[in-house]
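Since the structure comes first, as structure tokens, the remarks are kept for the end.
Here the chain labels run A, B, C and D in written order, and each chain numbers its own residues starting at 1.
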Amino acid sequence: MADRLTTEVRAKGRLEAFSDGVFAIAITLLVLDLVVPHHAGGRLLSELFRERPVYLAYFISFMSIGIVWIEHSALTEALERVDAGFLRLNLLLLLFVGFLPYPARVMQEYLSLIEPQHGGQRTAVAFFGMILFLMSLMLLVLGKYAEREGLFGGDTVEERTAERRVTYKLAPSLIFYALASVLGLIQPYVGLVLYFVIGVYLLLPVRTVRGWLGRGKS
Amino acid sequence: MADRLTTEVRAKGRLEAFSDGVFAIAITLLVLDLVVPHHAGGRLLSELFRERPVYLAYFISFMSIGIVWIEHSALTEALERVDAGFLRLNLLLLLFVGFLPYPARVMQEYLSLIEPQHGGQRTAVAFFGMILFLMSLMLLVLGKYAEREGLFGGDTVEERTAERRVTYKLAPSLIFYALASVLGLIQPYVGLVLYFVIGVYLLLPVRTVRGWLGRGKS
Amino acid sequence: MADRLTTEVRAKGRLEAFSDGVFAIAITLLVLDLVVPHHAGGRLLSELFRERPVYLAYFISFMSIGIVWIEHSALTEALERVDAGFLRLNLLLLLFVGFLPYPARVMQEYLSLIEPQHGGQRTAVAFFGMILFLMSLMLLVLGKYAEREGLFGGDTVEERTAERRVTYKLAPSLIFYALASVLGLIQPYVGLVLYFVIGVYLLLPVRTVRGWLGRGKS
Amino acid sequence: MADRLTTEVRAKGRLEAFSDGVFAIAITLLVLDLVVPHHAGGRLLSELFRERPVYLAYFISFMSIGIVWIEHSALTEALERVDAGFLRLNLLLLLFVGFLPYPARVMQEYLSLIEPQHGGQRTAVAFFGMILFLMSLMLLVLGKYAEREGLFGGDTVEERTAERRVTYKLAPSLIFYALASVLGLIQPYVGLVLYFVIGVYLLLPVRTVRGWLGRGKS
């Protein structure tokens, strides 16, 4: 029995190592999508400056993966062990994390002013938002699964924090991402700015968010 | 002697870290092969939609590497130590894992409808299946080698689980992959769908598979 | 309380694993920017030789990320725990680390003699220097934050070493990077050589630097 | 004092994690250099088959990085601690590891028969061999440095094994790599085959090599 526990604790260690790897690679691959302005000569500065929307898209993509990493790491820290189902659901989360650089690239290409792609911006921004939505959804599913299967250690501080994160931050963010995607279909830049705002909100520590909501229960 | 054991346990730790790295990178590099539809303008949505076979190929590649990672992680967890031979065989497994993005890229390019490459789909699908076969084969070889060299700790739960995985899942999957590759040579999409089905089957926990086979021995 | 400490220590472990991943990937992605001389035939050697400025740029980029990794690793080793704020500031540092391959690519393209891009070298070199500056700045901010929030364990050898690093090396390097960037705007190769010199200076162990400054206090 | 030791042991842990990351990424990035035959249609199989020299080059590159990883991991396992000098020399080793995909890409392009680049093969093969030589040299330097600075724990089994590796395998391999590079300048395929043979020799466990040399001292 003790053996079994040790194995499960170690399985958790490898799940974290593998997930950290995928998160770190996905977040760093984003830079490959930034296009170098060719033959700009003395106009290089202004060419780089015109790429503002692309940098914003890069920043949002980076921030979004970073947030999911922070939440994922907070979740698995609160876990006592992982099981076969958790491993497989986690793989599904990583599928969306590893896929995000693609909609990010599509969006960057259609927002780029170096090689302008008029039209298609709405689709690109909504496509990106959809993957953000699915990433958050999978995180929520992982949290709910861990709760149902009793993978948390007990009623510790960490578990309660993890629950609060789900209730006060992840669940609402799903609605916000869905909304932002739909708005992106109408006004792409509005969608983009909303992704940014949701990201900033998710980056705020839970404590702050609860404070805003005016709740005092510990 | 105690020293030697400590070293071998630590050697295992680095083998896991290095392998996790290669798995994580290979699985995340797959996204680089997805092609952004250029100058699609307002037709971007339909262009993205037409790329369905490419997304399926991406999903299968991701799932296949994910499965090998899960099996590899289950195998090394059951090990008590690794030796020089295991290290080298493991490198051979990683060779195929690190190589998989190439046949995946070939297959995606020949399945893509944005830049259609009529013909060659059969070869591409069979080539991909051959590497899936070799990956599974190396995993089986690793498991058999560990058994023969007594790298498992003893007759623990983990070892028996590892053995069962080999007997009930990996060994049959080899035959299935070989079959799917041959069928892919005749009907590429049949091969593709079979890779998907094998993947889903491999993702099911061992317990479930044994249940299907109607065996009750613990 | 003991639980809480354990969690914070483990949070530190994952922060290190994720950061090591981003550092390792960013430093290794740099190689993708090196352009293979096409159709050079027998002139391949001379074509490769002409690329000297590009190799220098590669070397400087590699060294700069390597330095930040060494300093980051020295900093987090001295920490007893990390908190939510540290996690988020660390993400901001990683943003610049992950972004560096982009200005490195811009600079390499505009310094390359295979596909010469006359003009724009000044902008490219200064852009690169600006990111180096921001990377160092974020490292300094992280160190100051950790000090203010009492994340160090106490008045140990490590903490004092970490403080000394900040005072004798990181803070001055900020001024040097700012200066080098400005000079790069006037004479690109002067900027490039200065980045190299600053890198070598930062690679020298703290002890040596303090010796030069003629201070003997331990 | 105990504190200091703990820190140094942990510094070793991060050095290993970061190095494993760079090794894993460099070895996996090699796959990006494999070119997909475009518009091959029904001739895809023969087009892929003609790429044999490129696959050989890929295999040799993969094997070479794999070997250096195995030797590096054996070396650092034998270490009790690392110091500032070791950290910096290790960064220099990683510079060559991270750079290897570039000469590998040059070599693959000039060996490729899809887009033939007549001439330049000699330079490409010798360039690749030079980096292999420098990688092995840095590994030797790291080993010698660790010995001189007393970073090994004492006269344990691991240390003596590490010493033997240096004496019986790494040192001779330097001469072989230099020879193979020179021969590659005259006959590129001879150089390529020699890199392969040296790789196989380095992959053999030390014990075997010592047996061949007819020495029995333990």
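The definition used in the following text is that contacts are C-beta pairs under 8 Å (C-beta built on N, C-alpha and C of every residue); 3 or more make two chains touch, one makes a residue touch a chain.
Remember, predicted model here, so these are calculated numbers, not experimental data.
If you lay the C-alpha trace of chain B over that of chain D, the rotation comes to 90 degrees, to the nearest 5. Two copies of one chain, chain C and chain D, touch each other, and the residues they use overlap weakly: the shared fraction of interface numbers falls below half. Chain centres here are Cα averages; for chain C and chain D they lie 26 Å apart.
Our note on geometry: chain B versus chain C, Cα centroid distance of 36 Å, whole angstroms.
Touching two or more other chains at once are residues 17, 21, 24-25, 29, 32 of chain D.
Chain contact summary for the complex, chain C toward chain A: residues 3-4, 7, 10-11, 14-15, 17-18, 21-22, 24-26, 29, 32, 84-85, 87-88, 91, 94-95, 98-99, 101-102, 105-106, 109-110, 117-120, 123-124, 127. Those residues of chain D lying in contact with chain B across their complex are 16-17, 20-21, 23-25, 27-32, 34, 36-45, 48, 58-59, 62-63, 66, 69-70, 73-74, 77-78, 156-158, 203, 205.
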